[in-house]
Structure formats: C-alpha cells, structure tokens
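Have a look at the structure below, then the notes.
So that you can tell them apart, the chains are marked A, B, C, D and E in the order they are listed, and the count of residues begins at 1 in each.
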Amino acid sequence: MVEGREIFNLLWLVPAIPLFGALFNCLLGYRAGNLVVSIVGCGSIGLSFLLSLCIFRVFYGLPVEDRQIELCLFQWIVSGDFQAPLDLLLDPLSMVMITMVSGVSFLIHVYSVGYMANDKCFARYFFYLNLFVFFMLTLVLAGNFLVLYIGWEGVGLCSYLLISFWYERRSAAAAGLKAFVVTRFGDFFFALGIILIFLQFGSLHFCSVFANPGEVIGVSMATWIALLIFVGAVGKSAQVPLHTWLPDAMEAPTPVSALIHAATMVTAGVYLVARCYPIFELSPFSLQVVAIVGLLTAFISATVALVHTDIKKILAFSTISQLGHMFLALGVGAPGAAIFHLLTHAFAKALLFLGSGAVIHALNDEMDIRKMGGLRRYIPATFFTFTIGALAMSGVPGLAGFFSKDAILYATFVNGGPLMWALIVITASMTGFYTFRIIFVAFFGVKRWDVHLHAPGKAMILPLVLLALLAITGGYMGVPHVLGGSDRISEFLSPVFGNAEVHGSLGSSVEGVALAAEEGGVVEGEAAEGAPQGTETAEGIAGVWETGIQMSEKSLEMLLMLVSAVMALGGIGLAFYFYVYSGGRDVPTRLSEKFRVAYSIFTNGWYFDALYKAVFVDPYMKLSTFFLKAVDVAVIDNIVRGVAGSLLSAGNILPGLQLGVVRWYATVMVLGAIIIILYI
Amino acid sequence: MEQILFYIAFTITVVSAASVVLQGRVMYSVLSLIVTLLGVAWIYAMLSAPFLAIVQVILYAGAIVVLLLFAVMMLKFDETVQRRLRPDLLGVIGALVALVFAGMFVSLVSCGCFEFASIPADYGSIKSIGSVLYTQYLIPLELASVLLLVAVVGAVMLAGRR
Amino acid sequence: MQAEVIQSLLVVGPSHFLVLGATLFSLGVLGFLVRNNIIVLLMCIELMINGAGITFIAFCRQMGSLEGQIFVLFVMVVAAVEIAVGLSIVVLVFKNRATLNADEMEVLKW
Amino acid sequence: MDVSSWPILSVLILLPAAGAVFIFVVLQQNEFLSKLLAFLISVETVVLAVFLFRRFDPADGEMQFVEKMDWIPEFGASYHVGVDGISLFMVMITTVMVTLAMLSSWDQKGRGQALFYGFLLLLEAGLIGIFLAMDLLLFYVFWEVMLIPMYFLIGVWGGANRRYATLKLIIYTMGASLLMLVAILALYFYHHAQVGEYTFDITKLYGTPIPPEVLLPMALAFFVAFAVKSPLFPFHTWLTDAHAEAPVSGAVDITGLLIKTGAYALLRFLLPLFPEFSMSFAPIVVAMALIANLYGAMLAAAQNDLKRLIAYASVSHVGLVILGIFVFNVQGIDGAVFMMVSIALCSGGLFMVVGMIYKRSGTKDISQLGGLWKDMPVLAGFFMFFVVASVGLPGLSNFVGEFLIFVGAFKVSVLYGVVAAFVMVLTAVYLLWMFWRVMLEKAPERATPWRDLSMAETVTLTIPAIIVVVIGVYPKILLDRIEPSALKLLGQVKKETAQMDDLGRWKSLRLVERLKEVKRDKPWR
Amino acid sequence: MEMTLPFVNLGTIMPQIIVAFFAMAALMVDAFYRNTRYVFAVSILGLALALYAVYMQCGLVIPPEESMVAINSYTVFFNVIFLLVAAVTMFLSLSYADLTGIDGGKYYPLILLATLGMMLLISSRDMLLMFLAIELLSISSYILVASQRDRWMSNEAAIKYMLTGAFASAFLLFGIALVFGATGTMDFMKIKQALSDGPVLFHAQIGLAMMLVGLGFKVAMVPFHMWAPDVYEGAPTPISGFLSAGSKVAVFAFLLRLFADPFAVPHADWIAVLWWISVLSMVVGNVSALLQKSVKRMLAYSSIAHVGYMLMALVILDTRAMEAAVLYMAVYAITGLAAFGCVACLSKGPEERLDIQDYTALAYSHPVQAGVLSVCLLSLAGIPLTAGFIGKFYLFGAAVNAGFVGLAVIGVLNSAVSLYYYMGLMLKMYTAPEGVGEIAVTSPMAGRLVLIVLGLAILILGIYPSPVLGFVKVAVAAIASPVM
C-alpha cells in the first residue's frame, strides 16, 4: 500500500476498480458463473472501499488547509475557450461521500449475492451494479461540473437499467422509463446551469468557480444558476414536484432500491447543492426555494407514506421525505447537517430496505404489508435489524437519525422560523408513525400469509447486522456540542462550506446590523472558526438574531431536541395504538372513512401522477401524433404529393392530346402557326 | 383586259380548288385538281413565266395527276364512309382554325404595296431560265436528280414485289 | 376612297396574285384539316404547294428576277417526288389495312 | 511512403470508383468475388484514411494534401482536392461506415448482390469526393453522382413502397441541387465579371462581391440544396421514407446517414461563399434548426416503424448540427462536426441493430415486436448501448457534440440554448420508449427462439461501439484537428461581415426589400 | 447571251459526291448481287471515304461566290457527326434489318441519301439548296420509316410522317417564298444584307414564321411535335434513332445557323416566341414522358424535351449559347442514337421490347445493353460524369450568363422531372428477377460493340470534355457573326 501523499495519485482507482469489475461482468460474466461474478462484483467494490479508507486515513492526517487534492487525468473536451479536463477533486465532502458510497455499496453487493442467487441474469445485475458504483464515485469525486455530469447521467442510466432489470414486467419497463425521463427533465436544467456557469465564470472547475463567486456574478445571476442546478437536484433526488418516479422505481430488485434509491444516487442532489453551496449562498432567494421545496416534499411524502400498503413504497416515500429534510437543511443554511443526515439516512434506509428485501424474499416477492404479519417469530434477525433501522429513522434519541435530524430541526427553528419548524416536527412524528406502522403490521399481529418461507442466508444477514451497527453508531460522528459531543462531521466538512453551520437568511432581510452580525459570529462558536467570514454571511447571521430570540443558545437547542424526541416517540406510540393496541377496533379504517378526502389524496400520492399524465404525457403523445398527421403528412407530404401528383396526372393528360389523327396534328400545327404569326 | 383575264383565272382556280377540298368523291377531287393546276398554269403565263406554265401543264397536270388517278382507280377503297364531310368535333375545330388562318393569312400576305418591275423581253424564256439553271443552280439540279432517284428507290422498295 | 379601292382592284398588281396564292394555300390547309381521305390530303398539299408557287412567281415578276422561276421548277420536281413516294406508301398501307381513311390511322397515339 | 509523390486523396476517391467499375464490368455475375473485392477495397480505404489521419498536421487549419490540376480548362474547372480538419473526419467516418455497411449486409440474399456492392462502392467514392472537393464543379459532380447509387440501392433492393420513396428522393434532392447548379453558374459568372477569370475554385470564389438583389436567390438556392440534403425541417420528409424503404440490412441507412453531406456543405460552401447571407439569415436558419430539432424528436415518438423512428431521430440530431453551424462560434462548429461523426456512428449502430432484428423477425413494426431481450440479450445490449449513446450519455460520443453545440448556442442567445437543450429530454423519451416497446416486456409466443447475434454481427456492432466510446472519452483526437479549421472558417466569415452593422439580423429583411425594387428590365429573362 | 458552264470546284462538295456516288453504287450492288452484306459494306466504305474527305476539308474556307455549298469548321463538325450517325445506324441495323424484314439492299443506300441531305442542308448557302436538301432528307426518311413493309405500325408511322411532313414542307415553301419576296434573293448572305440594311420587312417576318413552322416540324418542337411520338414508336428502331440523332440534329444545326447568320437581325423580335416554344417543348416533352408505357415513345417525348433545351440556345444566341447548343447537339446525337440502339439490340425473337415491363431485370440477362442504356439514360437526364451533364451545364451556364435565369431555372426543374422516368426505367432494368431469370439471348456482336463504344464515348465526354469543347469553339467561331 502506498503511504503518504502518493496515495492520492491512486485516487482515480477508486472509481476505476468498479469500472473494471463492471467491464469484466459485462464481457465475461455470462461464461464465468455466479461465483466468479460475485467475487469480482463484490471484490472490486470492496477494494475500492478499502482504498478509500486508506485515502481517508491519509487525508484525515492532513492539515485542514491542505484538505483539497486535485488530480487531473487528461484533457477531455477542449474547444476554443471551453475546457473540461477529466479531473478529480478530493475534499472533505467528497471524502465523506466516497467512503460512504463505497462502503454501503460493498455491503449491498454482498447482500445481493444472496438476494439474487437464483436469478438468471446474475452477471448482468452485477454489471449494472458495479457500473453504478463507478458512476456514483465519479460523481462525488468530480473536479469540475462536466465530470460530475458524467456521473450524474451515468447513475441515472444505471438506475434506469436496474429499475427495468426484470424487463418482462410491464410495470418495471414503465417505471424505468419514467425514472429516466423525469430525472432527465431535471438534468436538462442542470445542464443549462452548467453552461450558464461556464459562460459566467469561463471555467467549470470547482475550485475556480467556488473560489470567489461573489466577485464574478451578481445576485440575480447567482439565483438563476442556483435554481437551475437545484432543479437538477430536485429531479435526481425526487423532490416535489419531480418525485413521482421514485415510488415506481421500487420495481427494481430490493438491494438496488436500497443502494440507489435510498442510500446513494438519490442523495446526489443533496450532494450537488451542498457542493454548489457557495453559489446558493449568494442568493437568499434560492435558499428559500430550496428550503420550501424540501419542506413541502418532506411533508407531502410523509403523508403518503402514512397510508401506503406496499412496504417498499412506504420506504420510498419515506426516502423522499428524508431527502426533503436534507434539502430543508440546505435551505436553512445547514449543509453540514444535510450531509450528516445524508449519511445517517443512508445507513438507516439501506438497512430498512435490505430488511424489507429480506422480508420480500422470504415471502416470495410479496410486498403488501397487509399480507404479512407476525413475521417477528419467523425471521427474527431481520426483525431486529429492521427495528433498529426504524428507530434510527424515526429519530429516537441515541440512534443515528436522532442527531442529524435534530441538527436540521434546530437549524430550521433558528433560520426558518417557527412555522417551518412546526411543520417539520409534525413530519418527524409522521416518520415515526409510518416506519413503525410497517413493523407493527408486518412483524406483529397474526400471520396473514401462507407461503413457504425462505429464511435469509448469511450473505444477507451479515450486511444487515453491519448496517444496523452503523445505524446505531453513525450518529456519534456528529453529536452536537450541547450534548457534549464534538460534532466532528461538521468540523470536518467546514472547509467546504466555509463559514457554514446555522447561518442562512431565510425569510429575513439581508440587511443586518454589523453589531448583531459580529455577535452572531461569536456565538456560532468553534465550528465557524478559521473560516473567512464574508460580509454577506455576517449580514445573513444578523437576520437570525433579528427574530429577537433571547433564549440562550444551549437551552434552546436542548428544548428543541426534547420536543423532537417526544414527537418521534409520539408517532411511534400512535402507530402502536393504531395497529397493536386498538386491536379489533380498526382505528385506521374508521379514520380513513372519516377523512375520506384527505385519505384519497394521500393514497393517490397527491395526484401528481394523474396530473402529469394529463398535463404532460397525454398532450405530448397527442401533439406528436398531431404533428405527424397534420404537419408531416397533411402539409409537407401533401405538398410533395401534390406536386408529384399533379405532374403525374399532367403526364396522364398531356399525351391524351396526342389523338393519333393526322388532321388533328395538322390543326395544332396551324394553330401554332397562327399564334406565332399573330405575335410577330 | 388583263384584269378580266386575271379575274377569270382567279375564279376558275379558286372555285376548282374549293371543289378539290369539298368534293365528296375522290375522283371528282382529282378532276377538280386538274382544273386548278391548269388555272395556275394560266396565272404563270400571265406572270411572264411561259416556260413554267408549260412545265406546269405537262408535269403537274399531266404526270402527277395521272399518278393520282391511277392510285384512285387502282385502290378499290370503299368511299361511302368518308364521302361526306362529317361534322365531328375535330372537323369543326379544324375548319374553324383553317378559316381563321385563311383570313389572317390572306389579309397579311396581300398587304403592302407592290409594283411590277419592268422586265427584259426574254424574261422567263426557256433560254434565260436554262442559262441560270445550268450555271448558278447546277448543284441543286444534280440534287434534284438524286431526289428523283430516291423516288424510284422508294417506290420500288415500298410498292414493289418482294 | 372608294375610287382608290376600285382602282386597286382594277389595276392588277402583285398583290392580286399574292392573294390568289394565299387563298390557294389556305384552301389546301382547310382541306387538310377537314378531309380524311389520304389521297385527298395529298391533293390538298399540292394545292398548298401551288399557292406557294404562285407567290414565288408573283414576287419574281415583281422584282424581275428569275430565281423564283427556277425555284418553282424545282418545287415541281419535289412535288412529283413527294407524290410518288407518298402514293407508294399509300399503296403499301392499303395493302395492309385496306383503307385510305386517315382517321383510322390512329393505333399509335398517346 | 512519401506523401508528396503519392496522391493519397485521389487514391481515396478513385479506388472505390475503380472497384465499382470493375464490379460492374467484369464481376457482374460473380457475387462472391465482387463482395470480397468490395469489402477489401473498403477496408483499404479505411487504412488509407487512417494513414491520412496520421500524416495530417493537427496544427494547420489550411487545406492539406492539396492536389490540383486542370480538368476542363475551357470552363476554368479544375480537379482540386484537399483535406482539412473538418473534412478529414468526414472522410474517415465514411470509410468506416461503408465498411460496416458491407459487413452488415454480408449475408443478404437474392440476386444482384454484385451490383449491390458495386453501388455501395460508388456511393463511397461519391461521398469521399464530396468531402474532398475544392472546386465547385467537381463538388457538384460528386454531389449528384452520389445520388445515383443511393437511388438504386433503395429503388432496387428496397422495401415494398420503394417507388414512392425514390420518387420523393429524386424530387427533393435533385430538384434542389439542380437549382443550386444555376446558383453555382451565377456565382461563376459574377466572379468572372468582377475578376475577369472563369474559375470554379472555391478558394478563389471566396469573397466574390455579389450585388444584393441576386445574392438572396443565389444563396437561397445553395441553402435549400444543402438543407434538403441535411435534411432541415420543412424538407425532411424524403428522408424518412427513404430510410423506411431502404434495404433491410441497414447498409444503406448507414451510408444514408452520411447524407450529412448537407451539413458539411453548409460549412464548406455556404458560410464562406455567402458570409453576409449566412450571418443575416442565421436567425431564420437557427429557427428552422430548432424546429427540426424538437419536431423530429416529437415525431419520432409517434412512429411505429423502427427505421422511420430512427430517421426522425436523425432529423432531430441534424437540427442540432445546423444550429451548431449557425451560431458562428468555435464551440458550435466543433460540436457540429463532432456531432456529424457521432450521429453516423450512433444512428448507424441503431440502424444495423434494426436490420438484424428485421433479419430475424421480418418486421420493422414496433407493435409486432417486444420482449426481444429474452432471446437476444447481446443484441439488446448493443441496442441499449446505441440508444444510450444517442440519448447523449456523457462519456459517449454524442454528448460531446451536443454539449459543445449547447454551449455555442448559449453564447449567442439563451433562448437558442434552452430550446436546443430541451431535446435532451425528448430524445430520452422516444428512444427509451422505443427500447421498451422493442426489447422489454414479455415476448409473444414464438415457436423457436430467435438466434442471438452471430460472431460476425457482433464484430460489426462492436466496431462502432468502440469508436463511440473512444471518441466520447477522448474527443481531443477530433477536436484538436477540427479546431484550427473551424477557426479559419470563422475568421473568413467574420472578416467578410466585419462591416455589417450590428443590426445584421434585420439586414435580411432589407435584402428582400431591395430585391423587390429591382425592376425587371428583361421581361423574358 | 453566252452560256459558259461554270467552274465547279468539286473539292468543295467531295464528301457529298462520295456519299451520293456510293449510294448509287450500293444500289447497283443490290441490283446485281442481291446481297445485303455487300450493300452494307459498300455503304460503310462510302461513309468512311466521305469521312476522310471531310477530314481533308478541315481548315478550308470557300468564299461564298464560289459555291452554294459552304465549307467551314461548323459544317465539318456536323458532317463528321452525320457520317458517324449514319454509320452507327447502319451497324445497329445490321441484324435488326434481317430480323424484321427490311429490304436491306435499298435501306442502306437510303440512309446514305438521307445523310447526303443532312450534309447539304448544313452547308447550304442558298434557300433552294436548303429546301432540296430538306426534302431529300425527309423523303428518304419517309421511306426508311416505312421500310418494315409488313408491320402495320411502321406503315402507320410512315403515312403520318409523310402527310404531316409534306404539310409542313408546304409551310416551309411558302415561308421561303415570302422571304424571297421580301428580300429579293435566295442567297443567305444577301438576305442578311437585305435585312440588316433597312427595317425588317413585314413579309420577311411572316416568311420566317412559316419557315419556323416547317423547320420546327422537323425538329419536333412544340406545337409542331405531335407526329414525333407516333413516328418514333412506329419506325424501325434504328431509324427512330437516326431521326432523332440525325435528322433532328441536322435541322436544328441549320436552324441555329439560320438565326445566327442570315436572320440575326430579326432575331430580337423572336426571343419571346422562341422562349415560349422552348419552355413548352421542355414541359410538354418531359411531362408527357412521365407515364409512358412504351420505351420508344418515352424516348420520343424525351427527344421533344431535349429540343426544348436546345432551343434555349436559340433564345439566347450569343457565342456561348451557340457553343452550348452545338455541344448539346453532338452529345444528344450520340446519346439518343445509343439509347435507341440499345432498344434495337434488345429484340427478343421477332418482337421488340417496347413495353417498359419487358425491361424488368434486363441487367441480369443483357448486361451490356442494360449498362449502355443506363449510361444513355443518365446522360439524357444530365447526371454528372456523363456527356449529357456537360451539355446541360454549358447550356444552363450560357442562359445564366446571358441573364435568362428564369429559363435556366425552368430548364433545371424540367431536368429534375425528367429524372423520374429515366430513373424509373433504369430501376426496372436493375430490379432483381424473381425466380429463374431470363436466359441471356446473345445479341449481335457488331451492335453490342458499337453500343459499348458509344457508351464509352458518353462517359469520356462526360469526364474529360476538353478536346471536344475545343472543336465546338472552333465550329461556332465559323458561324458566330459579328452582329451579336
């Protein structure tokens, strides 16, 4: 193993190893047999994970100022002043991401070996999965926007391929298409954003773009760029209104859902916004939009998750909701919290998905929770790990989710105001409710299934356990100072976000009092230390304090923490009451009848699908057909046909004048002579 | 005197020509044609072309018409179907076109004022013609003989026995 | 005015002969356009040629040159040749088709 | 080998031509030999093209390997060929695609195969000639000559409705290019009137001042001819029919893609010959290109015939290419040239796959297909690959071209850029939907499963796939060589129009007005 | 008055004398030996000698007083073409005549005589000689068209040709009379003198109109074209070729001379009329050909269209246009002849292939004929690398140069339309046969050889036209009058 800084020259191997694995599985996988395929598939990711750990070790040893390593592989697209080299950037943010991505991927690969053991297309599956990891790592390691875009599109493609993996199912094919197209719609804006950045900055390089964006562009341009990028993120991270593809994406094999549609790919949007945070910071309005979208998403999808019956879809909506949390965090100026939540959510949600995969696998691909029940006794290991995941998700104190969610709630309260805070707290309690609804319905109660149960094998249990461990401990990298922790994650990430942590300017004016700003800066504490403080930021911070909260920092944070913990537990308790305690009274049914409108809105996912079908899909098809029939055929073709047809019919008529009779010929000649002579 | 002679010749020629066109039976047409050709010969004579008048009578009215007469008599075709001018569409159009043409043509050709030139005494005599014909127009003369050869070859080739 | 017209009618000039030539030609054209017997058509062509001949001679006389007379001489030869060849074709056709109706020669058309 | 003594460009043109003649004259009855000969010649042209590539000086934007000699001195026409960064890749891709076309129709059945290959070679000669010609008359000769084999390939070996397709092909392309001939002649005489020299040499014709009242019709004649060939929006319907009726092996479709000659000709001839026109009409052309771009994508979605669908896809892509040309910046032109190469590869791959599907299924009707993945995973994999490449996945070739064009368009106007880029979404929709309908879901019951790709077929598809990846990952090979030429071209255009006022785009309208003022002094002319 | 027999420089009319002499000799041979081969050989010998004699005339210029027959590069150029056309027609007829019951013994001499007519026409300096030459040409043609005595199509074609031809000749004759009346002379030189001295006389214009009717009939320009399809279809196929390549070209070449030289002055008044005739000929010819079922008829209509193209030059009538027209005529002579020749060499048994349907998959049974016919069709359509392209290119160039852009545009659009039927026929020929293809019938070697030579000539002219262009320029220099 290469020691010291030289190891960074091997950075390209982190994504490259999975690529080699993918190529192997693609080209030779068919002949190689499942064992070789799984060794190559998992091994390549494992190697990559190991390498990133090594890199992490060296990286962590570097002084903070040096924690930004660039590696230019070669010039990619060069045309005039447009230059996009293929370069990689390793900074704390990407370091965290590659470690997480390769780690979770590795676990899920291992899990997949068991899960997909009986599938005919084993090699193809691992080809896609490896390819996905390659693109995902490229995405997070990218040193400029275009390289990021490679990964961005690549993961979308792999997502498409994996959603449509069981191609014989119509729904899988449809879901794949939908996922690709919807995210592509977002990508369109992202691409525009990239081009706009190039035109403004003359470069796509992260380091040069983010060095001092405020000097190059004004607020309105920053808003444009930020919003364009954000739409891309919305598409990829399934935020309202582009979230509809993600529930459908559950057609993919469950490990894929865990990896792509929960832990990694969908968080790329969060990563992107975090990456471009310097630009977002320039535009308060865009942050506001981010926050509102995130909040709405979190709330709407949580409501849908409340009533869904498909286990994977519940988890999918929950994923959307959690992503909403992350965006909210970004919007309220807590990118560190967002990334933190990203990590903890990755562990918890991967765990939940893998657990649900085990359940589904066990029950022969049954996904309706109403047809489960009492599983606790049959697959205990799954049950336990699943419960840990659920607890972590719900934000029960002590587990991973708690800390990250708490950081978000706090930032929301401080920067977003009480209204947003209230809404997000309600959402948090809904999280508890619907996660535990699964547990109580599926694992408790009576057995409502009669199939031969496939208990999960070792390859599946092991990742579950490991992930459960992570879900428990993951939170401790970011224990807030209030609880005596050191919030190492925020600290680690701080070079990226500069003067990060709670300092948005949501809902408040940008004009601030310098005094207040300074005060805020002081209060922010160590986290912000060492980072240059721009005037604008100071002004933003000043806004926070204009709300006039006089409560002391610590007690406020503690109080909020308490409230959120209570709400989470309350949600769990409500679920317990509904599905276990109330027994035969069937509270949920009665409630659903009582609030029929709300219920149907929830079950139909707020009618987004229907709306899109009516507004986009149908008109598009109709318009296409209309153009074909009305323009291409009716106008253009008919003109051509008309010209040709009239020529040909003239070709029919003209020789008809050739009567074959001599007198007629002579008559025409004389007529011609008359005309000529008269003319002359 | 000259006027009277001219108008008589004019009348004879035109009437007989009309008769060629309008006669129902081919034989009558041929006979009318003889009259026309003689009328033309008369006109030639009036125009100081005595040699041509003679040739016209001998060659045209003699040889050509005889050829036609032979043809008419040899080929026993049924005339009944085409004896009368049938007022079919083509005929009507043809007649109209021809009449328009005639009106236009006659009026156009005749307009402009001309005067006869004074001419030498031997104008149009055989000798004068011959001297021009055999000097200036030697090549056309030879060509005319070739033309006659063509006529012979054609007749033999087409109408002759195998 | 009237006197002039009468005068022009009375004094026979080249124009009179030109009118005659044109009339003969036009009659030939008329015949060609309305008749359908091939032999009559040939005769109509003779009429036209004679009309041209008269025109030649008239101009010739007007200018006092002999070229026109020579020309008409050659035209007669040509007319004879044309009639000879024409009649041989007519005979040929009659042998094969037993008709001299030009209107029936309409298999080749369109 | 010494280049100076060895006319490589002429050899590139003449070798396939001679091969074609040899096949027509000598080998007509021997199908195998002619097939073999044709294939060997096409491989040889590839080798030559690669050789050309290696000897090419990337830093030089001027014409290289120039050969020039008198052809018809009475007309001032010369045999003048040369290659620059733009045409170099056109030639290379032509040779490669023709070779692939031959490979893909290797097991085509039926009589007349010898002629089929002869025509393919002739087509190749014509195409290469178009890309190399530096003399307007020579160019026109190749331009027309190329159509003949095209016509035969479709008309003789094509589908059921081929008569109609060929009729359209002829009406559109010939009509337009003959009008261009008139314009060429007009230019020729104007040049003579100005300079006193009769010449068709474009290097001399560049910058001929032309009175405005005739500039418009002349340039329009050129433009329409090129637009039809490209094909640009209102002139595109011949292309879809031609593709739909082309022989099923896909061979012709592939070469048909090289009908991008139209776009090439815009670059080589219209822009430098009529810079003022090009600049002042750019908004209109760009509008057409954008319409073509979106419209083609829309219509592709409504198609039920695989080939027709891909044809509309290429209409859409060509719209982008022309957009790239008419934004007049280096990114746009780089992207356009790159895109032309890329379209040939990606859409060509798609056509080949469709041909292979047709060989097995006997239909191109999407509604009768479905679930092919099960029987033919390898074919499906290639299909997916080319679909994805066409969609513009970064790392594959189309993306590079597309993105550069977007950048170029954005530089000129945000509107252009946004509208153009939106096609990303539409492309994904129709191509993936097509993939779904053809490959995914359950297949209808079949007595025997269809055979997956044979070794030869796999090789045939692998070659373009590899090129797509290589130039997608390392586009500098192309871009480095295109750029000097593109810059030179831009320099020419910009120099000519430097005096144009800022309101250049309105000048087009004034041009029309001035045209109306010209009195017709010669009513019969 | 003294009679001195004139001095006739026989050298000036040596080629004509040779042709006439060998025609008679061939007739003698026929009379005494009754062997068509001998007749053929004698006729060809005559043509060859005449060609030599024409070659000897290169560079000669005969002053107009000396002879009615002009010799200049223009006449030499066309004489060569006529002699070659005649020779090719004979070669093509070699087996055709035997197959279709033509009396070869008189057939070949008649071709010689018709050629004599063409040669005299192009070099005539006098209206009388012109008239006689045209009559010699026409009357020989009537007989040639009728030479398939037993085929009713041939008979009908002959009778139609003869009747309408004589009718048109009468117009020509009257026109000559009027021109003579207006100018007082038969000599072209003097006519030019007379016309350029004063205002153009009214009678001369009418006379010219009448002459145009007569000559227009011979070249089959609209509206005097109606006979052409019928006659071309009914005539023996080599004769159809001869009519289109020989007689039409000869009369058109004469027409060009007529307008370029003696009637250069009134030409300006004629531009409109000629413009319309040109356009109508192109349109009517091409459009009528679009849906023809019979190949010969299609080629006939196409020849009408080609007259339309040539007429463009007559409209413009500057040096460049005349060069273009001369080139076009030469090209058309070769191409038209070769096209009809291919049809002639494709008879399957006693019947000819006339219907386009009969041409299906021809390329597989008769590769040579199909190949040459394809080249011809491409050339007729004006596709580059064939002679036809060079011709059209030159012509349209002349039109554009002279400012007749509208005419050029109509011309090119017509070319586009014409592609439809030319290419349609080619497509038929190359369509692969279904099932077992027709067994190739060996056709006569001589015909095939001639066809190959013609095909090659078309291609060579198309690829490297420079030498011929040189000849054309020289030829036109002889008639391009300084008036223009």
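Rule of thumb we're sticking to: a residue touches a chain if its C-beta (ideal position, glycine included) is under 8 Å from a C-beta of that chain, and two chains touch if they have at least 3 such contacts.
Computed from a prediction, not measured in an experiment: that's the story for all the values here.
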item: If a chain touches chain A and chain B alike, it appears here; value: C, E
item: Graph separation of chain B and chain D (steps between touching chains); value: 2
item: Pair of chains with maximal C-beta contact number; value: B-C
item: Chain closest to the assembly centre - both centres taken as Cα means; value: D
item: Chain whose mean Cα position lies farthest from chain B; value: A
item: Geometric centre distance via CA averages, chain C-chain B, whole Å; value: 5
item: Whole-Å gap separating chain C and chain D, where each centre is the average of the chain's CA atoms; value: 65
item: Separation of chain A from chain E, taking each centre as the mean of its C-alpha atoms, in whole Å; value: 80
item: Chain centre separation (chain C, chain E; CA means) in Å; value: 28
item: For chain B, residues contacting two or more additional chains; value: 91, 94, 97-98, 101, 105, 108-109, 111-112, 128, 137, 140, 144, 147, 150-151, 154, 157-158
item: Touching two or more other chains - residues of chain A; value: 655, 658-664, 666-667, 670-671, 673, 677
item: Multi-partner residues of chain E (each touching 2 or more other chains); value: 128, 132, 135, 139, 142-143, 146, 149, 159-160, 163, 167, 171, 178, 206, 229-230, 272, 420
item: Interchain pairs in contact, sorted by label; value: A-B, A-C, A-D, A-E, B-C, B-E, C-E, D-E
item: Chain E residues within the chain D interface of the complex; value: 271-272, 275, 315, 363-364, 367, 371, 378, 383-385, 389-390, 393-394, 396-397, 400-409, 412-413, 415-416, 419-420, 423, 426-427, 430-433, 437, 464-466, 469-470, 473
item: Complex contact set, residues of chain A against chain D; value: 26, 74-80, 82, 124, 146, 149-150, 152-154, 157, 160-161, 164, 167-170, 172-174, 176-177, 180-181, 184-185, 187-188, 191-192, 195-196, 198-199, 620-621, 623-625, 627-628, 631-632, 636-637, 640, 643-644
item: Complex interface listing, chain E residues touching chain C; value: 127-128, 131-132, 135, 139, 142-143, 146, 149-150, 152-153, 155-160, 162-163, 166-167, 169-171, 173-174, 176-178, 180-181, 184-186, 229-230, 233-234
item: Interface residues, chain D side, partner chain E - complex; value: 24-25, 28-29, 71-75, 110-112, 115, 137, 140-142, 144-145, 148, 151-152, 155-157, 163, 166-167, 170-171, 174-175, 178-179, 181-182, 185-186, 188-189, 522, 524-525
item: Interfacial residue positions of chain E with respect to chain B in the complex; value: 1, 3-6, 8, 13, 20, 24, 27, 67-69, 103, 106-107, 109-110, 113, 116, 120, 126, 128-129, 132-133, 135-136, 139-140, 142-143, 146-147, 149, 178, 202-203, 206
